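Next come two complexes built around chain A: one with chain B, the other with chain C.
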Partner chain A sequence: MSLWKRRLPLICTIVFGIMGFILQLVPAFKSFLDIQNQWMTILFGFAIVIGVASLTKYHFKKIRQKPEERIFSYITFSSLIVMAVATLFGMKAETGIFNALYKNLFDYVYVPLDATIFSLLAFYITSAAFRAFKASSWLSTLLLFAGGIVMLGRVAFGPLMVFGELTQWIMSVPTVAAMRGIKIGIGLGMMATSIKIILGIERSFLGGE
Partner chain B sequence: MAEDKNEKKWYDYLLTIKKPLVYLGMFLVVIIPFLSRCKLKTYETDLVKKVFTRVEKIHEYNKEHPDSKRGILLGFDYGPSTTPENDPMLYAVLRHAFLRDIPVVAWAPYVAYLQLAEGRIKRIAKEYKAEYGKDYVFMGLAYPPTPYMISTGTDMRPMFNTDYYGNDVYKLPILDRFNNYDAFGLVVTISGTAMPEVWLRYANSLYNQDVAVATTAVNAAKFYAYAASGQFTGMIAGLKGAAEYEQMVTRLENKVIDEDIKEYLTGLYKNVDKDKYPEKYYEPEYTKSEINTAILRRRQAGRGMSSQFGAHVYVIILIIIGNVGYYFKRRDEKRRKTGKWGA
Partner chain C sequence: MKRFVYILVIISLLFSAGFAEEAENNNELDFTPKGKLEIKDKGNDDGTGVNVFFRPQNKPEEVKYYLLRVYYKSVSEDNLAAQYRIENKDRRYKFNVSLQKRRKHPYPNSRKGVARVYVSNEKGEAVKAFLTESTNTSASWFNINKLSAFMGVLLFLLFVYIFIKQARRGVEFFIRKIPGLEELDNAVGRATELGKPIYYIPGIGTTSRIATLASLNILAPVTRKVAKFATPLKVPNRDPVVMSIAQDVVKEGYMAEGRPDLFNSNDVFFLTRQQFAFAGAVSGLFKREKPGAVFLLGKFYAESLIFAETANDVGAIQIAGTDSVSQIPFFIAACDYTLIGEELFAASGYLSGDPLIVGTMKAQDYLKAILIVLLFIGIILNIFDIDIITKYILQR
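And now, the complex of A and B:
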């Protein structure tokens, strides 16, 4: 077992995992929480560096191995560099070319792109609902009716108010019951996985064993 | 018989409506109500009323205890993709807070949200003559959010050092008091992500802080369980929730300001000491187009609701068409298989 790749990360996980518990549970150690919080911010800063390094490595490899797709990697690289430089020099400046570049890239490229991609969902969902939302079994029929009632209920007024009341019931009774079951399952799973990681039983985050 | 099989029946036409036509229909039912500026009045639900009442209670408390006021900690937890749903929520909550003179401390957990947050917060602050550093503050980036939420249990200032504009956090008067959960009557997380659960895990579970959530309709289903158990003080869910809160705040605004909003905004900065409002935060005057935008902003969710009504009804009609076609097609196929065709 190599020290740097496996043993040391494992020791760090165990020590800091147990420390996290102790800091929260033992009142005498509460004052150390602020130090832990500041450390977390620094660690996340390093995570960004690792993220950028990993992205660069991946796209360099892609440029070498898939020449027909290299245009996309060039676009990724140029976007990364231009936005990083503009943000670094322009975000906090009040005027200047970098500030103008940052604001324009953010307001007229990033914001519309992000909003457009999300709004396309409305069109895809409409098409998917038309093609796939079929009453083929009693379960799908139930889903169909519940979906229809909630859709009408969310925009109900006047004579449609009966759907509004039904919607409130669907959202606060069956939905809550189902979501609680799912959430409790997820919570138990998270707890079990966390304990396994902290105790060193689950080691796949080190690269699999 | 072979001819029968190849012949296109009426339901085949229903089931093969071209995608571009479906998309065009969706585009029209959304854009026409929006451009015609229709506004849909909606019914008000308990979960949204709870958020409104909680903010009102903070106002009552502040009136009774002017020396130990309580504020609102606002998590600007959404990006450009969900602005149509989240923006009206943010506007309504901020209007309510500023209208009731409740101090607001805000932050955003990701870089991509910063510029959106800054622009929107100052836009609403300007409508109520809120002074930066005294009535509200934008702390800037709180990344990663977890340690910032935990440190607010004691004092958030060491985590930030400076606010978004680079001011020393120890020199901003609002932060002398509003730097930990004890000073906040409510945390409001306006989100298009899973961030409300993080607020719940740390602010609510660890520090017993009241948390209200304002979230997109897609995410709302996840949070109903927490709202039902009382872990979330209340919930503004989707555009409908935003429209409800918008209605309540507009009613309150009409009562408190008691003046036509156009006249109110026109005269807002006429006889004030403009030195109190440095241009770095916002310009203390209104142009005509700014006033018109501010008026339109007051019914943004209501206008969106009319588009949403069109879209929902359209989807329901499409589902009905699809199912009618599917039913008759399946019936014919069954008859064909059992040999009862034409019997």
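And now, the complex of A and C:
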């Protein structure tokens, strides 16, 4: 077992894992928890450098190997540089060309692009629902009926309000019951995984047995 | 003489202004402000929390607004921790105040809180202070609200010890079949037959998320299976730390199978930290490279369906799993196989077959059985209006 690759990360995991557990139980040590959180922020700050290096390497290789896709890499590089410069010099400034560039890129490029990808979900939900609502077995038929009632209930008015009440019942009784069951399992699974990692039983994330 | 008259006029004006001011003050305070103020240590914390209770005893017609100020250590503008404007509605008010130090304060966390109540005017200004109370706070050495969690962990450790001992003696434990993990070989085989790459997305969580660590634990056996067929494995990442760990996991996986030549650090890469930019980038990769199999395992949020539907659109076999309860239905609707909730955490032991890990899975099952029994007892007792289980065990 090599020191740098396995033993040291394992020791760090065990020590900081047990420390984290104690910090959660002992409120008197809360200031140490705050220090730990500050360390994490610093670590993430350094990690982004590794990320940008990886991205740059990936796109350089892509430009060399896939000339037909090089346009995407050029766009990535130019976006990375322009946005970094605009943010570095323009984010804190009140006025000036960099501030205007930063604001315009953020408000009129980044936000609309983000919203566009998010809005795609509406179409994806429709296509996924279309496949899920096929009455191929009794379970999928049940799902179809439940889905139909909930959809009607969401737009119900007048005599159709009975679907509204049914929807309310479906959403607050069987759905919540199922979700809580899953949540209990998830909670136990998280606890078990944490303890496995802290005790060094689970080491796959270190790259091996 | 003229000068003397001027001086007299000025003096009389000053006197009359003074009397007017006094009269005005007397108008504002033509009642006695009354109230009951209490300040108590919050407890179960690091000694920085206080609870302040105030009950006005003047009628709303007399005093419409009060001002409550809570200070660190002593009454001083520099030590002000919080202030609240209270409209007199003739009821008891409660405030949770944190005395946590602010950066400008030279001393560490305060150990004393002072509450002072003022009569306030319409503008929200303090007119007259009439009540002051203080308390000393202390840090707790054990958070009693986490007692049942602590007991649960101890019980779990006991079960882990028992089952690991049994596993070492060679006892074989039964684990039910998980279809999503059973199909793993088929998914890798299918991608190999089609000559297409395999994409593994470890979610968009950081390493502080247990689901991300569970995903990285699954990546190890997946890499070993992939290495046997020499199929390209690509792992796009949203977090640079996760990327670094994933690179090591994949490298070790190839090495374990005796194929270090297959490892390419460029196949485990960082894309972006922005959620939907990452979703867009991964969807683009799916569309262009048309993977044969896609693994979506880890922490996912709203972008889950974008990944799943795009992968479905390009004809990839998808195996998904997450601990985000709101995203599980999307994965079930869109993916071929879904690991529901805890199956994601069990996957590593299931795939590796390591008796120690399987032992901990068994311990988890026993803890779950205890929880189910507690829930049933709680339900029955609650029918008889006895809330001892729900109030003192499950909520703590």
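The rule is simple: the second predicted complex is superposed on the first by the 194 of 209 C-alpha atoms of A that agree within 3 Å, B and C clash if a C-alpha of one lies under 4 Å from a C-alpha of the other, contacts with A are read in each partner's own complex, and residues count from 1 in each chain.
In this section, a contact is a pair of C-beta atoms (placed from the backbone, for glycine too) under 8 Å apart; a residue touches a chain by one contact, two chains touch by 3 or more.
Computed from a predicted structure; not experimentally measured.
Trainee: Which partner chains sit in contact with A:69 here, chain B, chain C, both or neither? Use first/second/both/neither.
Mentor: second
Trainee: For A:106, is the partner it touches chain B (first), chain C (second), both, or none of the two (neither)?
Mentor: first
Trainee: For A:156 in the superposed arrangement: first (chain B), second (chain C), both or neither?
Mentor: After superposing on A, A:156 lies in contact with chain B but is clear of chain C.
Trainee: Let me test your reading of the model: by the given contact rule, A:28 touches which partner, first (chain B), second (chain C), both or neither?
Mentor: In the superposed model, A:28 contacts chain C only, not chain B.
Trainee: Of the two partner chains, chain B (first) and chain C (second), which one does A:41 touch, if any: first, second, both, or neither?
Mentor: A:41 sits against chain B, while chain C stays out of touch.
Trainee: Figure out whether A:183 sits in contact with chain B (first) or chain C (second), or with both, or with neither.
Mentor: A:183 sits against chain B and chain C alike.
Trainee: Should A:114 be classified as contacting the first partner (chain B), the second (chain C), both, or neither?
Mentor: In the superposition, A:114 touches chain B and chain C alike.
Trainee: Quick one: classify A:194 as touching chain B (first), chain C (second), both or neither.
Mentor: Only chain C is touched by A:194; chain B is not.
Trainee: Contacts for A:127 in the overlay, against chain B (first) and chain C (second): which applies, first, second, both or neither?
Mentor: After superposition on chain A, A:127 lies in contact with both partners, chain B and chain C.
Trainee: Could you tell me which stretches of chain A are touched by chain B in one complex and by chain C in the other?
Mentor: Of chain A, residues 24, 40, 44, 114, 117-118, 125, 127, 129, 131, 179, 183 contact chain B in one complex and chain C in the other.
Trainee: Which positions of chain A touch chain B when the two form their complex?
Mentor: 24, 33-34, 36-38, 40-41, 44, 87, 91-92, 94, 103, 106-107, 110-112, 114-115, 117-119, 122-123, 125-127, 129-131, 133-136, 144, 147-148, 151-152, 154-157, 161, 164, 168, 171-172, 175-176, 179-180, 183
Trainee: Provide the residue numbers of chain A that touch chain C in the complex, in ascending order.
Mentor: Contact set of chain A toward chain C: 5, 21, 24-31, 40, 43-44, 47-52, 54-55, 57-58, 61, 69, 72, 113-114, 117-118, 120-121, 124-125, 127-129, 131-132, 179, 182-186, 188-197, 199, 201-202, 204-209.
Trainee: Which chain B residues qualify as touching chain A in the complex?
Mentor: Of all residues in chain B, those touching chain A are 17, 19, 22-23, 25-27, 30, 40-43, 45, 79-84, 111-112, 114-116, 143-144, 146-148, 150-151, 153-154, 158-159, 166, 206, 217, 220-222, 224-225, 228, 238, 240, 280, 305, 308-309, 311-316, 318-319, 321-323, 326-327.
Trainee: Show which residues of chain C lie in contact with chain A when the two form their complex.
Mentor: 44-48, 108-109, 139-143, 146, 150, 152-153, 156-157, 160, 164, 206, 208, 210-211, 213-214, 216-221, 237, 239-241, 243-245, 248-249, 251-253, 256, 265-266, 269-274, 276-277, 279-280, 284, 288, 302-303, 305-306, 308-309, 312, 323, 325, 328, 330, 332-334, 340-342, 344-346, 348, 352, 354, 356-357, 360-361, 363-364, 367-368, 371
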